[in-house]
Amino acid sequence: MTAPTPSLLVVSAHAGDFVWRAGGAIAAAAQRGERVTVVCLSYGERGESASQWLAGKSLDEIKAVRQSEAEAAAAALGADIEFLDLGDYPLVESQESVHRLVDVFRRSHPTEVLTHPLADPYNGDHPAAARMALQARVLAQAIGVANSDGSLPGRDDIIGAPPVFFFEPHQPEQCGFVPNVLLDITDAFDRKRAAMECLPAQKHMWEYYTHLAIRRGVQVKRNAGPNLGLPHETMGEAYMRYFPQVTGELR
Amino acid sequence: MTAPTPSLLVVSAHAGDFVWRAGGAIAAAAQRGERVTVVCLSYGERGESASQWLAGKSLDEIKAVRQSEAEAAAAALGADIEFLDLGDYPLVESQESVHRLVDVFRRSHPTEVLTHPLADPYNGDHPAAARMALQARVLAQAIGVANSDGSLPGRDDIIGAPPVFFFEPHQPEQCGFVPNVLLDITDAFDRKRAAMECLPAQKHMWEYYTHLAIRRGVQVKRNAGPNLGLPHETMGEAYMRYFPQVTGELR
Amino acid sequence: MTAPTPSLLVVSAHAGDFVWRAGGAIAAAAQRGERVTVVCLSYGERGESASQWLAGKSLDEIKAVRQSEAEAAAAALGADIEFLDLGDYPLVESQESVHRLVDVFRRSHPTEVLTHPLADPYNGDHPAAARMALQARVLAQAIGVANSDGSLPGRDDIIGAPPVFFFEPHQPEQCGFVPNVLLDITDAFDRKRAAMECLPAQKHMWEYYTHLAIRRGVQVKRNAGPNLGLPHETMGEAYMRYFPQVTGELR
Amino acid sequence: MTAPTPSLLVVSAHAGDFVWRAGGAIAAAAQRGERVTVVCLSYGERGESASQWLAGKSLDEIKAVRQSEAEAAAAALGADIEFLDLGDYPLVESQESVHRLVDVFRRSHPTEVLTHPLADPYNGDHPAAARMALQARVLAQAIGVANSDGSLPGRDDIIGAPPVFFFEPHQPEQCGFVPNVLLDITDAFDRKRAAMECLPAQKHMWEYYTHLAIRRGVQVKRNAGPNLGLPHETMGEAYMRYFPQVTGELR
Amino acid sequence: MTAPTPSLLVVSAHAGDFVWRAGGAIAAAAQRGERVTVVCLSYGERGESASQWLAGKSLDEIKAVRQSEAEAAAAALGADIEFLDLGDYPLVESQESVHRLVDVFRRSHPTEVLTHPLADPYNGDHPAAARMALQARVLAQAIGVANSDGSLPGRDDIIGAPPVFFFEPHQPEQCGFVPNVLLDITDAFDRKRAAMECLPAQKHMWEYYTHLAIRRGVQVKRNAGPNLGLPHETMGEAYMRYFPQVTGELR
Amino acid sequence: MTAPTPSLLVVSAHAGDFVWRAGGAIAAAAQRGERVTVVCLSYGERGESASQWLAGKSLDEIKAVRQSEAEAAAAALGADIEFLDLGDYPLVESQESVHRLVDVFRRSHPTEVLTHPLADPYNGDHPAAARMALQARVLAQAIGVANSDGSLPGRDDIIGAPPVFFFEPHQPEQCGFVPNVLLDITDAFDRKRAAMECLPAQKHMWEYYTHLAIRRGVQVKRNAGPNLGLPHETMGEAYMRYFPQVTGELR
């Protein structure tokens, strides 16, 4: 047997979520030469584009702006990106949508999956995205489940059981988000910052998420212990692993 | 900076606990050439030696039997072992005992710590051992906390912040034990079985814990996914990581 | 800036729920001169009208009786009331229904929202009502989300982020209902009792909910402490605040 | 008043689930002369029949095989069985399906209900089945809720409030499954084993679930205490009671 | 083997707790001819006797009053009672006290144990009593654990693993008290009321706990279902079973 | 009856904790003219003074430095401060210490209490302080509980039931800290910053806690809603209310 080719799949409810919440993990994977696929279920056109609605933009114009910004950010991180355009506020779960996601899983063969956590009292689209991602991941494993065009998958199409990591919501404690993985993103932070700067409408968030990276970086150092000699300026991202870690060594 | 030398510390309430619950992790670490230290807080002389009390053995005789069996099991696993003889049923927490454990932490400089989970409605000694281990781990980090002989530690004596893993209790669901790490112990299982066989009074447990290893091995395979090609006879142990994992890669 | 005009919105799954569970809060707000709007998602015509079905009444007759009783109770409390007639047992969540609720939120501009808690193993309509209320509250905040007639909201139509309080279910401990707000309804209790007496089919509940008000009143006194000098006959209602309280003083 | 006639209803997501997870309870009830009805919501034709898909079988062929195996297993346990053929992977919840289940509840008048627990990160069909079973149980109690053919139920058609027991999922700790009932199935185990052997495609599970019965049997003995004198070979099944137990004696 | 003789042991932090919270269960057991032993760890002399302190009574006088009232209440329920006089506010846990409780367990050989739940933010003595009761129960099972006079127990002295039921605290939701057993005490309620009336200083509690019995009785009926034909005036008490129920039948 | 005089009591495990975690609440209360009493159970001399130990300072020297810094910070906030000097790492709970705290409660007659949350895997002194504060609060309410000098309290000495708020630990999600109160400290922040600057050894924390105040301020705005018109630079602190809020109005 050979180890599977690393492939990171990121399922994002809206066009910008992946940047603020998982930009470090994405950039780090890309820097290691791994393939990263971001799939945006919607553009966030209704719920996260207030200033553009106030400016009188049309729905299609708003979507177009959001898409091009997200594409720029993905490029800055080194990731591929695609859009399912399922609509937001609310992001409605449907079997058809889930099957389109099944196709994405079978096409990208992820070895790791990132998505939103399962609770968010402030934004129902986030847990809806997580539920769809988790359901698609299970369906994509079954050889008896057809692709979205009705064809049956071949033996190589079906996927394994990739670990799933929830990225950090805006108000973590209100979402039952208890980090059990702290990711050191020090080397990837410059790219994350560059990606954030591709989203000019949320300029006030650039500093906010830089401070959050410092804060999570302090926790990286605390939990690693002083003996590991991490640098003062360690930057971090927090994740919540959903399935048990499988390992050959306790570390 | 250089990575610290691997050193596994196992804090066990009674003389036999480490064998059934963590024998695989211990043997695997020893097989990799790492140092393993088992510290037994008591011999389990009152609470886990019913047959010997019924046979009319004295307290000292019972302790001696338990000690020699545990030493044989530790040897079979490749671990050092020591005994604090704090008494069991109940294992009473005291500041003096905790400070003796602080010494053990500073002497062994663990890079990983294994102990019991914090709840067990069936045996209060197990959570007491966990509380002492966790408290000693924190105290051993502080340069202002004296050793048990009253001397102040040197800069190299104080320890880092090693991760802590709780091993599996007898009735996991009743103890709030939700595994978040599944350890593949396939290659180490023969040594674990040999160590179990050093405990002849509990012969009925040999099969029981062999079946548990098969069961946890099935879960290793389920959570790893078919693509990893794990063998049919994968053996496993379940652990619960107490502090967030610190890592440079999401895997 | 000026403080928003107080406006209490109560989302009730069935026609009678708001009386038993939130009658005190409603009457107290009305007594303070505040506007109160009760919206009943259904009449409780199938699940809570057994005696009328047994008496051979038709569906329309049952709805009419339930409506007139609820209107009388609302009047006794000093509240406006409206009915969405979505059907009960089960109360089916749909996007259309949620958008009708969005209209209610935008029309009433609530400063506080009361509804059912999110779990109830005895009656699935209650959590369904809560989910719809919570979703509508978020959608009503977004300027990009259209009204139910397809028109876009104006800037003054969109609402803020009013706090949400869950009122007490019939078997609180089975519903994960842990009160974190105890409301003193002593001065409003007479009106609550009068409203209960508008529901003659459930006469046995009048005493039941009077005793519950005494019980929660005892807890009001316990948690306030003797120094506040609350009267012996303090009456109370229990609530569970869903979002963090925002305040300028810790009290 | 007379005690109701014992009647056990088992709601199973797929054709095989009831055998592995509740075979002991089913056989024990049948041995006591009680009526047992198993209702399989799907055949597990897509999600649990990988080997047959790989062998090139058609969907109808796979369903037929699954059905005949499940019928043989039910016969070995002494239970009636029926199939709703709602489809699996995913098992889609719909009001029509729930009303078909309402009919089953009204027809079988269960005094006890067994089904899956409400969470399972590995298989979304299991919690979907549980949600449908729980909703149908409540709807079947209401005289105002019509049968699936639109007719109104008679007074004797409506059911009481039977207790619900969740049976054990494959990875209990990951599903929030904390057993609060341990069932002694020693006398029924032979029939459970015979039923398992009716499912030849999963031969590797026979030993696995035999070992699980031994493991749960050890817990039966532990929690009963040595004074009850249970035999060494006690076999068990674990359940999670969803509603409070109603009793005249604390035992 | 023969079934053990029924014996109910009630561990009460203060002299009055067992009456309000478990009087129905005690009276019902006594009415069935079973032996009931109440052990009061303290008299509640400091924390629950404010009116007597205000009246200028001495510590010894207060203890004497509390003792005679509790003895009268126990007699009204049909129970034996004893007092360990460990002091209250705070009830201090010590190994000596626990060993005195071990003696009680070995003397009374309980088949069921009732005590306080493990959390109570309003009164630390209650969880302290529960912790001591639970620890003593485990120690009393071990033949290697000496009696409080230092003698070793005989084979018949050690106890089994009796189930433990927590009785209802004053503010259940704040104490993590989720009833999983609802006890029908209709036939025993007159004796409970008589016992309550043995405590004249808390006359205002007589009605309060009568209403609570009605409330829990309503829940008995709800969870039993209408088919069981329980009478309108069913009275109840709520309990929380700590260990899994062991049974031969799911009911 | 007259409302009690506002009095805020802050129970801090170590000399600096109150500044970082509750400085805003303290300064705001002082600005309103209310009395604030800070009681430091220890100086943090062993666990939080690493640099001074490394510099060869003696235990007494370290305590003196910590005391004078804490006094300066309290003065900057407008609070009184006292030190119980109970020792840290570990902070040992004892009945004598708790009774000294009872005296503090009776002397300060708090209308609100702030302390650490009940869990902290990184520092056992914090939950120990919380447990002592909570126990002392209950004991101080009882007229039968003597003062630490053995005298009985007078009627005016005993306290009511002041609400308790836990302030934010360093790693909130790991401590079960879910904020349910967000305090607007915008107007008090300058004083909090000034108090932080009284602690020169932890200069790197000044920015860290300024950023945290910004972050919690963003959450104040999010949960208040845009309609309240809070300024862009709103600063916040997060708290966790331990007992239910008692109120006459739902807000």
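The chains carry the letters A, B, C, D, E and F, assigned in the order they are written, with residues numbered from 1 in each.
Here is the rule we go by: contacts are C-beta pairs under 8 Å (C-beta built on N, C-alpha and C of every residue); 3 or more make two chains touch, one makes a residue touch a chain.
On a predicted model such as this, the values are computed, not experimentally measured, just so you know.
S.K.: Could you say what rotation angle superposes chain B on its sequence twin chain E, using C-alpha positions and rounding to the nearest 5°?
M.R.: The rotation relating chain B to chain E comes to 120 degrees.
S.K.: How many angstrom between the C-alpha centroids of chain D and chain A?
M.R.: Centres of chain A and chain D (C-alpha means) sit 37 Å apart.
S.K.: Can you check how far apart chain B and chain D are, centre to centre, with Cα atoms defining each centre and the answer in Å?
M.R.: 38
S.K.: Could you tell me the distance, in whole angstrom, between the mean C-alpha positions of chain B and chain C?
M.R.: 53
S.K.: Going by the touch rule set out above, which residues of chain A reach two or more other chains?
M.R.: 122, 174, 179, 219, 222, 243-244
S.K.: I'd like to see which chains touch which, written out pair by pair.
M.R.: Applying the touch criterion to every chain pair yields A-B, A-C, A-D, A-F, B-D, B-E, B-F, C-D, C-E, C-F, D-E, E-F.
S.K.: Would you tell me which residues of chain B are touching chain D in their complex?
M.R.: For this pair, the touching residues of chain B are 122, 170-174, 177-179, 208, 211-212, 214-215, 218-219, 222, 238.
S.K.: Give the list of chain D residues in touch with chain E in this complex.
M.R.: The contact residues of chain D facing chain E are 1, 3-4, 8, 25, 28-29, 32, 112, 114, 141, 159-163, 165, 179-184, 219-220, 222-229, 238-239, 241, 243-251.
S.K.: In their shared complex, at which residues does chain C touch chain A?
M.R.: For this pair, the touching residues of chain C are 95, 98, 134-135, 138-139, 142-145, 152, 155, 242-244.
S.K.: In their shared complex, at which residues does chain C touch chain D?
M.R.: 45-47, 49-50, 53-54, 62, 89-90, 92, 121-124, 174
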